[in-house]
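Attaching a single structure in structure tokens format; questions to follow.
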Amino acid sequence: MIIILQSGASEDQIQHVIERVEALGLKAHLSRGTFRTIIGVIGEEQKIASEPLRAIPGVQDVVPVLPPYKLASREAHPQPSIVEVAGVKIGGGNLAMIAGPCAVEEPERMDTIARAIKAAGANILRGGAYKPRTSPYAFQGLGEEGLKILREAGDQHGLPVVTEVMDPRCVPAVEKWADMIQIGARNMQNFVLLTEVGRTRKPVLLKRGMSATVEDLLMSAEYILSQGNSNVVLCERGVKGFDKATRNLYDVASVAVVKGLSHLPIIVDPSHATGRPDLIPPCALAGVAVGADGVHIEVHDCPERAKSDGPQALLPKQYAEVAAKIRQLAAMFGKTISTVPGR
Amino acid sequence: MIIILQSGASEDQIQHVIERVEALGLKAHLSRGTFRTIIGVIGEEQKIASEPLRAIPGVQDVVPVLPPYKLASREAHPQPSIVEVAGVKIGGGNLAMIAGPCAVEEPERMDTIARAIKAAGANILRGGAYKPRTSPYAFQGLGEEGLKILREAGDQHGLPVVTEVMDPRCVPAVEKWADMIQIGARNMQNFVLLTEVGRTRKPVLLKRGMSATVEDLLMSAEYILSQGNSNVVLCERGVKGFDKATRNLYDVASVAVVKGLSHLPIIVDPSHATGRPDLIPPCALAGVAVGADGVHIEVHDCPERAKSDGPQALLPKQYAEVAAKIRQLAAMFGKTISTVPGR
Amino acid sequence: MIIILQSGASEDQIQHVIERVEALGLKAHLSRGTFRTIIGVIGEEQKIASEPLRAIPGVQDVVPVLPPYKLASREAHPQPSIVEVAGVKIGGGNLAMIAGPCAVEEPERMDTIARAIKAAGANILRGGAYKPRTSPYAFQGLGEEGLKILREAGDQHGLPVVTEVMDPRCVPAVEKWADMIQIGARNMQNFVLLTEVGRTRKPVLLKRGMSATVEDLLMSAEYILSQGNSNVVLCERGVKGFDKATRNLYDVASVAVVKGLSHLPIIVDPSHATGRPDLIPPCALAGVAVGADGVHIEVHDCPERAKSDGPQALLPKQYAEVAAKIRQLAAMFGKTISTVPGR
Amino acid sequence: MIIILQSGASEDQIQHVIERVEALGLKAHLSRGTFRTIIGVIGEEQKIASEPLRAIPGVQDVVPVLPPYKLASREAHPQPSIVEVAGVKIGGGNLAMIAGPCAVEEPERMDTIARAIKAAGANILRGGAYKPRTSPYAFQGLGEEGLKILREAGDQHGLPVVTEVMDPRCVPAVEKWADMIQIGARNMQNFVLLTEVGRTRKPVLLKRGMSATVEDLLMSAEYILSQGNSNVVLCERGVKGFDKATRNLYDVASVAVVKGLSHLPIIVDPSHATGRPDLIPPCALAGVAVGADGVHIEVHDCPERAKSDGPQALLPKQYAEVAAKIRQLAAMFGKTISTVPGR
């Protein structure tokens, strides 16, 4: 950590900063420049990352030199982590192909869709039983009943299941029925929920918030990791942008940024990132090419009747087409796609 | 609602759209242009706002003509609402002056700060007992003990109290000890929490999310209103921007946008919007000038020792200076600042 | 400037960085931390601001401690500058009230509008003769003929005139006919044009680009100042945002940021910042309250016939209303509004 | 075009709008809804796209149904265009591999770099002779001397050359010495410059502005096309984002958006989009995977001595590695990479 003092900082102010740093158990190294004095803080700066040093009179700025997360960092864990979801591996050369409808609907529909995506090469089934909807008047999901429908479809077709949790009180139910717990973009900084899923040992799919930096995302992962749950998979699903041509702005480079900073697997979700069926296939391929550990795509067999997000769903045959290209690309990049058998 | 068809839409596709609209209980009015066919939907379009019409083959775009919220809209309630917080009015010509530390700390500190802001003209006391922190290693708040300390300081000095709730399981405790419940920016789309506070009858201070449009904000208010709690006060506190000169980008125009669309009061929070003590006073005045119904400012008597957000706190004497100017401006704009007595 | 080395930087790499710094005429001050080595650069770092030190192997980051502009900085010129536009002062307690149509149209219209805004209290007349239009099929301005019409209307009513230049080849004509030269937002980083207007001695109104940081804006001002023209007035006119409720996102806090960094006057343009007539008056007042040195508003007597930007123009009577409030606020803040007489 | 009237619009206002539409030579089709009246405009709406219909009293909103550009649209030209740059094809299945230093430096360096990139598989050489620098104190380019050096290196190694023009007065020189003229991101809406290069018949590389929507980009292309120059290649190079982990936010989905709207080729520039050598290779591959017609990468043999943008340059051997992968991906997608011979 480097503390930059204001141009007019007095000797007393400089001494006060040094005393504060030393009282916190670190060493201060003073360097007087022509125009500014700077203080290098020597030691584990993360210990004092939350200290309001910038509020000390005479301080102009505080520049960290280490990342504020530890468990999520590549320095702490140089090899890429592999997260296993009921037999399906994600990360470290293993590609996840997650697909399914936005919301869990009736059992027959789930069965139809699950069969189709399995045939197309998907290895994990998604579906929301608790839906975060911007309108209180929109379909809010089937609740625990939906969890059972999802479980049944997954078991039938050999697809581990992932589903979102929004309420800390629902974590036990989701933990019971699902193989992987999703934290949605709107809850990426719902620290209560992060702590709660951190207490389980289920794999967590943590989606990036719409205005979250990569550092914010890794700090949210750190919440889960710090509770002892090391099974975290990150997901890039678009950030807020100014061009309404797409629903969100697909930040594909963030996948490569994460790879440099963290050992955690990261997948892409071109469905939410673009919100447009015509853009999902090319953006899915871009995600694999940039190095993502998986692709998450929403699929529905009758989008115009879907209870949620119909306009951005791919039809099963459209999914099959892009899945074939993803496999081709995965082979070129030396990636493995692991699967588990159905009944 | 207007449905715009693709240039090559077939007669069958057009008929199918008309049938879907009519099956939903609305009328379809066809208009064939030179290059595109459009269908005007006549009736209460909000009924079908969540229907995936855009997913119907042949549809290019769906343009709503009414806002997706009802209870929050000015059309439903043309007069500005006045929300009363234990005797202090907000909205309809009444200005809230909310101040206090980011986090509730020890009782003596709360007492000192409460006395100072009351003397400076504040009429509501803030303080966080449950703190949303980006780092799991940072101070997370005193919990229910903090709620009691806040309550005591407020009662002593004649200041109703507002505090944030993050966990739906903590709503009863916050409801018991506080006069107003705050939903923080990171939880603006935590629909579980919105529903829970909507079930209380306490005034709610709903802060705008960092990537929320004004429409998103009003939809979140609609969640609370739709549960029967009409005491909602909105708060602009900055959105995500590209210039790191300020912590967030203070969207002062959003106050005027809200005034045109909704009857709900809206206040400004220049502390979180800018994150810099030197910018808070001018930005507070800008908020009053644009027509805000209140100003929320963080105050701490020793920022360098604050347990949260110290670097953005004003000192009590700095607060007193800006409060004096706010009163002058409020007088010029014909605003009233209501207060309640202490012990 | 502080150079932060990578965790694995070798002794050779460290020595190489030190040699490069010293070869550039500055001193290097080494500080070995527990996890990172840092090098403080002592001397006039601006000399080496453009050197690619970050490209040296072993370097993780380069953190400047001084701003990259000199002439525009408050350190170089602690007192606020006052720019005089043909007798009308801007800055240092003097408020500019710039108004007029987006584009110069026929002489009678200009005369009508100029008379109306003068009566309302404006002290500078604006009007575009060369118009930057996003469509090649839209009205592009009257050219030099427009400059003459503007000049005549200004002289008649005692209003110095400001107009935009887009082409370096047109600078002499604009210099001849106008009292102040405007650089539009889209040309804020048109360095050829900045250099050209820097060679004149006319006051320049430099509008902030839609994705420019405050530092970018001050660097563009530095281009003009470095050519010897010290008469620069900055203008905040909204940056790109994600909420389509307003045309741009009015960054009112940037005015206060600029005041802290630079001596140059800065005005606000709520017309372009919001693009909505209903939002212009409250946002104009917010601009004055935050400390701006002037307000720029587009006025047209028949917006539905305006050749450019009609939908965002205020009618003369609407302008008169907001101008009266601006004067009231200016008086409260101790600001002076200087004027010059007409014929 | 659809005109939506305000809820309280009077009959007179409605009639006035209809008269205005008809006076402009189009038909108005009235549709009275339950809550709003809408008017469908039938005919070539682009004729009246610049008319200020939204400024007519009683009008709430104006919704276009056709894009505002014609020549750039896919409707006007359904087949993808192929632009030929001195024998090298771009678009329609042909992939451009543009590489070279940010700025043209001494002849030996250009020769070394040109030889290296040719060997690695590049087919077009880039290099700036006129450099847009944010600081007036930074290296501004070698000017016409640089153009000659670039020309010589390109001829020697069989690489057509592309270089940026910033000043309309320099267009003849660039037209003389280069095979393709680049318009930089900061000049994307420099309409004077667009018109000037539109008058030449040289291929133009038009880079997307940092806050430009895809529609803005296509409107700028329309400026060039409307002057009779149909040889336009677009370039995605990152837009302004809030996460400082990357220099810009690489909007890879915009390539697919453009493909749906326009026949013009579009390439990607991961060097400027990310600003980080470690991110350039994966982001280059993402660009090819999403369907780009070329990849533009900055290469320098000694980045720490580069006169411009050294920290983001790839070394020749790093370029050779990513070029090999690009070729592999291009083969998978059935793309051709055309080349011309050197001396």
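Think of it as A, B, C and D in the order they're written, each chain with its own count starting at 1.
In this section, a contact is a pair of C-beta atoms (placed from the backbone, for glycine too) under 8 Å apart; a residue touches a chain by one contact, two chains touch by 3 or more.
Fair warning: this is a prediction, and the values are worked out from it, not measured in the lab.
Common partners of chain A and chain B, by the touch rule above, are C, D. A count of C-beta contacts for the chain pairs B-D and C-D puts C-D on top. Taking each chain's centre as the mean of its CA atoms, C is the chain most distant from chain A. Per-chain CA centroids place chain B at a distance of 40 Å from chain D. Taking each chain's centre as the mean of its C-alpha atoms, chain B lies 32 Å from chain C. For the pair chain C and chain D, the distance between C-alpha centroids works out to 27 Å.
Across the assembly, chain B contributes residues 211, 239-242, 244 that each touch 2 or more other chains. Across the complex, chain D meets chain C through its residues 20, 46, 49-50, 52-57, 68-69, 132-139, 166-169, 186-187, 189-192, 195, 209-211, 216, 219-220, 222-223, 226, 239-240, 303-306, 309-311, 313. By the touch criterion stated above, chain D contacts chain A in their complex at residues 211, 213-215, 239, 241-246, 249-257, 260, 270, 273-274, 278-279, 282-283, 285-291, 328-329, 332. Those residues of chain C that touch chain A in the complex are listed here as 2, 4, 7, 29, 31-36, 38, 40-45, 60-61, 63, 65-66, 75, 240-242, 244.
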